[in-house]
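So, here's a batch of structures to check.
Okay, so subunit A shows up in both of these, paired with subunit B first and subunit C after.
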Partner chain A sequence: MRLFRALLGVSVLSVSLIACGSDDDAVDAPSTEAPTSEAPSTEAPSTEAPVAGVLNVPADYATIQEAVDAAAEGDLILIAPGTYKEAVQVTTDNIVIRGLDRNTVIMDGNFELDNGFRVVGASGVAIENMTAMNYTKNGFFWTGSSSYRGSYLTAWRNGDYGIYAFDSVGGLLEYSYAAGSPDAGFYIGQCFPCDSVIRNVIAEHNGLGYSGTNSGGNLVIVNSVFRNNRAGIVPNSGSYELCYPQRKTTIVGNLVYSNNQPDTPAIDVAILAMGNGILNAGGVQNIIERNRVWDHDKTGIGLVPFLEEDANDAIPGRDTWETDCATQKQQMPVIPDGPLLWDSQDNEVRGNVLENNRRADIAVGSAGSNLWELGNCFAGNTFTTSAPLDLEALAPCGSPLSETTGDWLAGDLNVITWLVDAETAPPSVDWKTATLPELPQLENMPDAATAPAVPANATPPTIDLAAIVVPDKID
Partner chain B sequence: MTTPIRRATSALLVGSAFVVLATSCAPDPNDVRGAEHQHMSMPVDSAAVMGAPDRPIAGPQGAVGQFVVECPYSHALPDDPIVYPGEPGASHMHVFFGNVAVNADSRPEYLLGQDTTCEQRADTASYWAPALYHDDEMLIPEKSVAYYRAGLDVDPTRVVAFPFGLYMIAGDAMAVEPQPTSVVAWSCGSGAMRSETPPACPDKRGLRLDVTFPDCWDGEHLDVAGHREHMRYSTAGKCPSSHPVHVPQLIFSVAYSFSGDPTGLKLASGGVLTGHADFVNSWDQGKLEDEVRLCLHRDVVCGVTSGRVSG
Partner chain C sequence: MGRMNRESRNSTSIVASFVLLPLALMTACAPDSPDAIGGSKPDDAGSAITTTIATVPPNGESVTVQVLDNSYRPIDIEIVAGTEVVFDNRGRNEHNILPDSAKDDAGLAEMLATDSSPAAWGVVSTEFAPGEVFRHVFTAPGVYPYFCSIHGVPGVGMYGVIRVD
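Entry: the complex of A and B
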């Protein structure tokens, strides 16, 4: 919980550090006291001579793009405080791109540029300690990467996602913040196994706090805060992109609250999902454990089907759930002639603490499938309400479910009515003008000027899940 | 932005020179369209001339490299700067996407630098399709989606950007029989079903007209009489020797909010079988070349579009 306090307790010191491009910037230029092997140790400031392996913007290169294009593997790009109206493309492996101050190194898309950073098929690229705002697509975007890392990033008011990883594996997103996106603040999609970690992040005032379409397999979301979005954490399945169904995501130790926010930008799915804390929409084999979830109009933790009307392939059977993404990409789709219904199956909901979730603290629903045949289980949660009623007795973990364990229809979630609710839900607000919390001043990366460049590692850190306890409330 | 413009202009001039060589009656060397009014006397069976993709291109995104541009509806005019240049009002009604300045008089060099409806602001190309009517009421489309990929089974590293100023038409505005769904099809939302005639779409997954453009260029002409002969579709991943240059395969989808019973729908060009679309490459050429290099050559999914709707 230390991070949360640090993030919440950040001072307003940084407000005074908006010296964009002033002469003072030079004194912020780093020395590389602990260089990478490519960067010989030196204490010479960048104003005298470029340091091998360290590319300073704007001292050595006028734009970030010029520095990125000049960088070789292992290099560190250091960006001085200022506002940069760039959409940077990255294609070089194993470089680190770092702002010297998270809150005053600002990428500004000015509502015209598409992505603050787009890492295209490059691996090992780490982006650290800066802010991206006002991009028509995404603040930070990795695609086709076999390792990536985003640390101490702030994404604020972007037109699609805040921090977005697609068709990429080996990821670590940490100590970051995303607000004001109509889709998700944080997104990892189309990967299996993903081998990725999201930890210590905050998502608020987005359509969805986290969305992961068709992602999973050693994908861990821990120790993070999802609040005041339309919906909080939403793993989901769909055939419009590959590697379905969504599988094997582990969601542990998060604070998820008040995701009923009516005035955010929102895609249609976010409006449909509104008022839910953790909503598993057609995902399978996920583990949702030891989260604290409160204050939602619908469910705290809900396992529901996802209806996909414009389908692109048939739903793969249970016997294919171990098939990796690369293999599935080679398979020809079978175009179905009707809509798909992605059931949530074989998910485990354990040990969460829930309160004041108005429809139900914990819930499982279907649109015709027999609930006892879906294999979802609930155990050890602290809760008051469930749908159906007495859910932990109906669907305990560790033993086969049966129609005869109780009355599966009493208190049915009746999830079909959500389609109707969406018709009268507060409509999306234009992402460009939606009211957001003020751009927060957030914790900086330690020693940004001097820390060595560490490119992203394909093996993200191992999270000691057993050591994580249900977090305390922070509000 | 100056470098791409300079590059684009020189590409245009080179292209114009080719056209001048090929069509000696061009009155103005900067008018790439000079000699092409013969279309009225020579309707073209587009499938017979240009071929068709090996199969309909549909299904989940994410398997091959692509870049995608969504462009909200811009305007409607009874103009066609490819088929009826300089003749405002001479065409059936078209709906335009992307470049906001397009009319019957538009030339690529004029369009460059004009505003665009596209989310990708560097996409100042012009895209248009015949207007769709329901019981004689014109339906205003929501947007278009342009998918740029290597053609089916084409080595993506061989693909080069469209030359600046290229004119293309795909589909047959005079068709009386169903066209191959690999070229012209109707669908619902972002679903993969492809139909020769408009299906009954569910609410909020509205009707789309999907037109797939040819992906092989003759390497010389930005346009020709009839507007077809300079382009071909690839077969089995290969372009014919007559049209050896692999260019991106543009799949252009016009999205309507219309759902339900398709009875009473017709296109401005005729019935629902006359689907077609037009493209003028007035992209910021440097940006287009960047997208081809970054997304297609590296075979990376640079963006996806889905059924998700920003409400």
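Entry: the complex of A and C
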């Protein structure tokens, strides 16, 4: 809890991330209260007449699923405090599902149920102000949505992702927390343009704090904290999902630190990426700017290739990077004979503040390509070490890069050794039993009982990126 | 049919079971429409329909459907009866392949145990890990919609359709 108290006063990160409880307030891992189909114990069931468009659980409907199934577009489902052992599926557009108290409305998968919430093909669904834990797959999951929002959510100890948006666009994930997932705490994948925002979130003790495979295009990740994961922020490309390559994600104003955590659950890629703050793994045309990044065993900000064996299609050329995801889905693949190397290309790394990243504060590497032909640039960063040496002189932004701008081999990054490192890295810990920070008491959404229902908007908020400064450390 | 037809991608064992496929007429259990097999729509009368569907032997043809995270590619294929479809899990996550009439892995397992009609086919997630292949010969004409219950529902998310002429 000290870490959360420490967030107080961090203006850049917004007060909404701030914990509001004391150690004594912490909720232990909920035990077994109510079976899946039973109404949970509640504090104060409503005795008032039902309000049109408001479906109360359990006062009006014994389970959340029953309320969701009964809801019409525009309805608000209000969930009273209690432990709900349900895996809720949502297929109705434009409904809002809200817990009355983020810390005591708890969805508990009991290590048996798959997703706390799974929104399939429905758009405009907003989920607010609750906790999902102990699910074998994901805490909160949207797929095939043209607009979605998750606000004031806590995902804790789930078996795949914490908060997961796949093949969905028009998203907003905000004021949320994810810990204890072997894949990513937060994930947005397979969308271009995504038109989505992640802001004011915390990810810790996951395999990856954030992962975004083949996502981008008006996708911004701002004012958030990624710490004590195996690796922090990892946009990545691969043909095991559609809409490759990963591209055009903007990462600004985040605190990224100490992502060397050895005792998390972790998928293989997280073990491979371990010890890196912001690791761009085969992503292109991303902007990484004004983040504070420190205390990593490998790189603070690393632009590296992603090696994909058993690839499913050839790597698309630069001339196709503007092709939208819907169009790409219709294209037939050409399965390559051998593995693919997704190089990081045309990324800009500017104005970040880095320290104590043991291999290098800023780095770019490949496994055979000429670095000067990849188009990545670095400018205005505060750093001590780089790989290759003197990287900002070698690869300045705004100037053509060439072999003759300097010695690209001096102190260069040998990413091949990472494959060897992964063999001896601490293995994944069972997500069911991994040691995690105590389930934090986090701020509730304002006026949860009375705030009107606002379904997700396909146009997420516009972020004033220019106004974001490098955040101060919080501990 | 097809229940044991999975393998690691590099394995060469298979198909022997297909020589035992019934060559004569088979009885289908309640197809949802004259074309859809394994679909989820109830029939108009709400009662079971017994339909006789002609099946044909394997024809030696084979087509592949890539199983990615989280989609089938191509989503929609058309084949002639007797063609083998090879579902190749080339993703990094577990998936399953369920006819639309099966709700989940357990539902498919029950279906495969109790239903010998062409509508009963598919593979549960525990038998279809990344790198594994599932093969099935579609011997009866019809439309076979399917989905992954982990990443979709019928017709939404991770789903596909096999049209057998």
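In this section, the second predicted complex is superposed on the first by the 428 of 475 C-alpha atoms of A that agree within 3 Å, B and C clash if a C-alpha of one lies under 4 Å from a C-alpha of the other, contacts with A are read in each partner's own complex, and residues count from 1 in each chain.
Definition applied: a residue touches a chain if its C-beta (ideal position, glycine included) is under 8 Å from a C-beta of that chain, and two chains touch if they have at least 3 such contacts.
Every value quoted in this text rests on a predicted model; they were computed, and no experiment measured them.
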Q) After superposition on the shared chain, which partner residues are touched by A:337: those of subunit B (first), subunit C (second), both, or neither? A) first
**Q.** First, second, both or neither for A:204, with subunit B first and subunit C second
**A.** neither
Q) In the superposed arrangement, which partner chain does A:113 touch: subunit B (first), subunit C (second), both, or neither? A) first
Q: Using the superposition on chain A described above, determine whether A:137 touches subunit B (first), subunit C (second), both, or neither.
A: both
(Q) Just to be sure I read the superposition right, which of the two partners does A:309 touch: subunit B = first, subunit C = second, or both, or neither? (A) first
**Q.** Comparing the two partners subunit B and subunit C, which touches a greater set of residues in subunit A
**A.** B
Q.
Quick check for you: in the superposed arrangement, does A:271 touch first (subunit B), second (subunit C), both or neither?
A. first
Q.
Based on the A-chain superposition described above, do subunit B and subunit C contact any of the same residues on subunit A, and if so which?
A. 89, 91, 114, 120-121, 137, 143-144, 166-167, 190, 239-242, 267, 269, 310, 312, 329, 332-333
Q. Across the complex, what residues on subunit B touch subunit A?
A. 58-63, 119-121, 187-194, 202, 204-205, 290, 294-295, 298-304, 306-311
Q) Where on subunit C does subunit A make contact in their complex? A) 9, 66, 68-71, 73-74, 90-93, 131, 150-153, 156-158
Q | Residues on subunit A engaged by subunit C in the complex (per definition of touch) | A | 89, 91, 114, 120-121, 137, 143-144, 160, 166-167, 190, 213, 239-242, 267, 269, 310, 312, 329, 332-333
Q. Along subunit A, where are the residues that touch subunit B in the complex?
A. 89, 91, 112-114, 118, 120-121, 136-137, 143-144, 159, 166-167, 182-183, 190, 238-243, 265-269, 271, 308-313, 329, 332-333, 335, 337, 339, 427-428, 431
